[in-house]
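These notes concern the structure reproduced below.
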Amino acid sequence: MKMIDVHTLDAHIKDGMTIMVGGFLGAGTPEMLVDYIVEKGYKDLTLICNDTAFPDKGVGKLVVAKQIGKAIVSHIGTNPETGRQMMAEEMEVELVPQGSLAEKVRCGGVGLGGILTPTGIGTEVEADKTVVEVNGEKFILEQPLHADLALIYASTADEKGNLVYEGSTKNFNPLMAMAADTVIAEVGEVVPVGTLNPDSILTPHILVDYMVKGA
Amino acid sequence: MKMIDVHTLDAHIKDGMTIMVGGFLGAGTPEMLVDYIVEKGYKDLTLICNDTAFPDKGVGKLVVAKQIGKAIVSHIGTNPETGRQMMAEEMEVELVPQGSLAEKVRCGGVGLGGILTPTGIGTEVEADKTVVEVNGEKFILEQPLHADLALIYASTADEKGNLVYEGSTKNFNPLMAMAADTVIAEVGEVVPVGTLNPDSILTPHILVDYMVKGA
Amino acid sequence: MNAKEIIANRIAKEVEDGSVVNLGIGLPTMVANYIPDDMDVTLHSENGFIGLDKVATGDEINPNITNAGGQPVTVKSSAVFFDSAMSFALIRGGHIDITVLGALEVDQKGNLANYMVPGKMVPGMGGAMDLVTGAKKVIVAMMHTAKGTPKILKECTLPLTGKQVVDLIITELAVFKVVADGLLLQEIHESTTVENVLELTGADVIVSDTLATFA
Amino acid sequence: MNAKEIIANRIAKEVEDGSVVNLGIGLPTMVANYIPDDMDVTLHSENGFIGLDKVATGDEINPNITNAGGQPVTVKSSAVFFDSAMSFALIRGGHIDITVLGALEVDQKGNLANYMVPGKMVPGMGGAMDLVTGAKKVIVAMMHTAKGTPKILKECTLPLTGKQVVDLIITELAVFKVVADGLLLQEIHESTTVENVLELTGADVIVSDTLATFA
């Protein structure tokens, strides 16, 4: 069975890990899993997420608790604590354009060595990156991101681990489900196998290692 | 209204065009649209499709009718006529690994300049392609494919053009819907807006230019 | 109307029937209020859907349907939800007709700076770099000056969000089109004069032969 | 059992509980018949789903649910359907445990040739190149010789499907593991002898110290 108790998570987490966490400004973030990591105080984590959410919501709580050594995100503007720690050099922040971040996570999950994107050409995003010219046009080579652990949220799961994400909670969740060694899904509801519409399942059960029943 | 009669298709097709056609061995191919192109005898088409299906099914009919100047596909083994025309140099065939073909079409639709894939390294697929080394690993740079026209099939559409693909008919259809100047969908059923599950729609209506009611 | 309302109202006139529009957070979001109800416009929300309607209140609130600012919103009946890769596939792939963004600085080459002030404020680019790269038309919506200091310059001093990407600059005082030799002043607000606009603009301005006023 | 049944039966023993398996068209497909019913194995179908069950007959036939050979099939209740990009995301991304493919030739370096005979037969690689690149374990399933002519060679003569990709070669006569110095003969069929196997094999063979027989 993939269903585990949140208190058994320690078997899968340790200090210094690279973790991906789903969610966009906290929407679609597995809050119970995040809360558990805050409670247990894991530290020096490298966080890959769309943003650092708000101080009291989503992965923002990990920032406030000073558990993040490095954040790879597209936006930190809604969490002043991220900016403060970055300026004070208490935390490293790597800003990635959101579309490139999505593709980098996807690359990590789908076995590609990178993608060529026009996004960021002529900006500071080019710095330290390889620029490739194809047919006279310049592209930035964005390389894959892969994590030790992905923490994702899905509204509904079947007992086998197929996941359906409601509305705008999808965001990075289905991408991260492909791109980590271990994938743990916090799920809102669990239904019998065969109940979900097989055309609405964005994450097939073969990608999900464990599930925790969320609120 | 996006719904058009199949007989008005001529406004969107001409000889020498590059067309993408959805389907995998004919499953998920817009047969009515293909039949119309056969009937009207358009020629010198460049066809981008997973395969050339069977002589009497899917895009195989276009091959038999000698309407294809070049086919960019992953597989031709089920249509002997493709092999014959290729050997006789009546038609050019570019074979692309299926996963690379999917990514090439995706690149064309999502604004990427290419992807780096390990698939084909050490094989003839490498010939004439750029090999890029990233962190000591070799990848083939596969470039985007884009078409003048994409002909796709969806089981169900709403009146606005949102598309749901049933079962294994998805294959290349949702990818091609992003990668052509004009996208025409043959649809099995049309339902009122608001009836489809918004989490099951793989092709949003903004990608669909026209729809034809299929069988 | 106050200054921001004037800007939003004027930008709304750039929106055509049938177009797909992405509105940035803040002032750009206000544009939606001025699009006529009988116009078929599809709003794209970068966090993963098309069919954005308005901010949700009371019973309408669904925590699984939020906008790119994290606020609960309502959606049209034709809405479609997708993951972040698909959201930026639409953006980067050229499937968005218009993007409206704020600016810290914009210059006569069409360069835009809106994601950081080094050493002071680093919110991050979020989806902005992809939007200015991929959208067919990029409109900058902003107050003409920062408390009297020009924001429209010969050359941006802040790190760029995009290089040569801006098509139109619309402020409470003026409408500029980015052209080869500088900024073409196409319209001025009825309350101001060309002299006043020029005084508050730090770029090379060409006054259109067909200069018009807007309200 | 005939020769093909012997091969399929032996390969089935490589399949572990909980694994995700892709079976090629033809002989490899037969492996499914020998996987115990009480084992939880998920079959991946490259045309776009997991949860393949068996060939559909009578009322079970749904033209929208077909396998990679184009035949109507049935699916398990936990099946999930997706597009070709996702199908190959799973393949290339390392989410498939075992792939079983046929071969025209295979050699002691683990090279595989199975997609063309220049000038004679060019079916194309379909998904095979991605499968051998991405699957965790690559098993070649084939008759030991082509009417007496060895197909297991020191070095393939035909264009390669994959370079150094094969893990196991299973024929009606033998089970070989690809190792650094050649092919390790691990098992022979109970009806044959080591001498006979060596005679019919064109590669450098190391006979295992723990050589076993299979039925």
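So that you can tell them apart, the chains are marked A, B, C and D in the order they are listed, and the count of residues begins at 1 in each.
Simple rule for what comes next: contacts are C-beta pairs under 8 Å (C-beta built on N, C-alpha and C of every residue); 3 or more make two chains touch, one makes a residue touch a chain.
These numbers come from a predicted model, not from an experiment.
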Original post:
In this assembly, which chains make contact with subunit B and also with subunit D?
Top reply: A
**OP:** Identify the chain pair with more contacting C-beta pairs: A-C or A-D.
**Re:** A-C
Original post:
Where the centres are mean C-alpha positions, what is the separation of subunit A from subunit C, in Å?
Top reply: 28
**OP:** Let me have the rounded angstrom distance from the C-alpha centre of subunit B over to the C-alpha centre of subunit C, please.
**Re:** 35
Original post:
Rounded to the nearest whole Å, what is the centre-to-centre distance of subunit C and subunit D, using the mean of the C-alpha atoms as each centre?
Top reply: 55
Original post:
At which residue positions does subunit D touch at least two other chains?
Top reply: 49, 81-82, 85, 88, 91-92, 133-134
Subject >> Contacts with 2+ other chains: residues of subunit A >> reply: 103, 106, 111-112, 117-118, 165-167, 198-199
**OP:** Mind listing each pair of touching chains for me?
**Re:** A-B, A-C, A-D, B-C, B-D
Original post:
Contact residues on subunit C for subunit A in the complex?
Top reply: 45-49, 62-70, 81-85, 87-88, 91-92, 111, 115, 119, 121-130, 133-134, 159-164
**OP:** In the complex, go through subunit B and note every residue touching subunit C.
**Re:** 106, 109-112, 158, 160, 162, 178, 193-194, 198-199, 201, 204-207
**OP:** Note which residues of subunit D are touching subunit A in the complex, please.
**Re:** 20, 42, 49-51, 75, 77-82, 85, 88-95, 133-134
Original post:
Hey, which residues of subunit A end up touching subunit C in the complex?
Top reply: 24-28, 50-51, 53-54, 73-78, 83, 86-87, 93, 95, 97-103, 106, 117-125, 155, 165-175, 202
Original post:
For the complex, which residues does subunit A have touching subunit B?
Top reply: 103, 107, 111-118, 132, 134-135, 137, 139, 141, 143, 164-167, 197-200
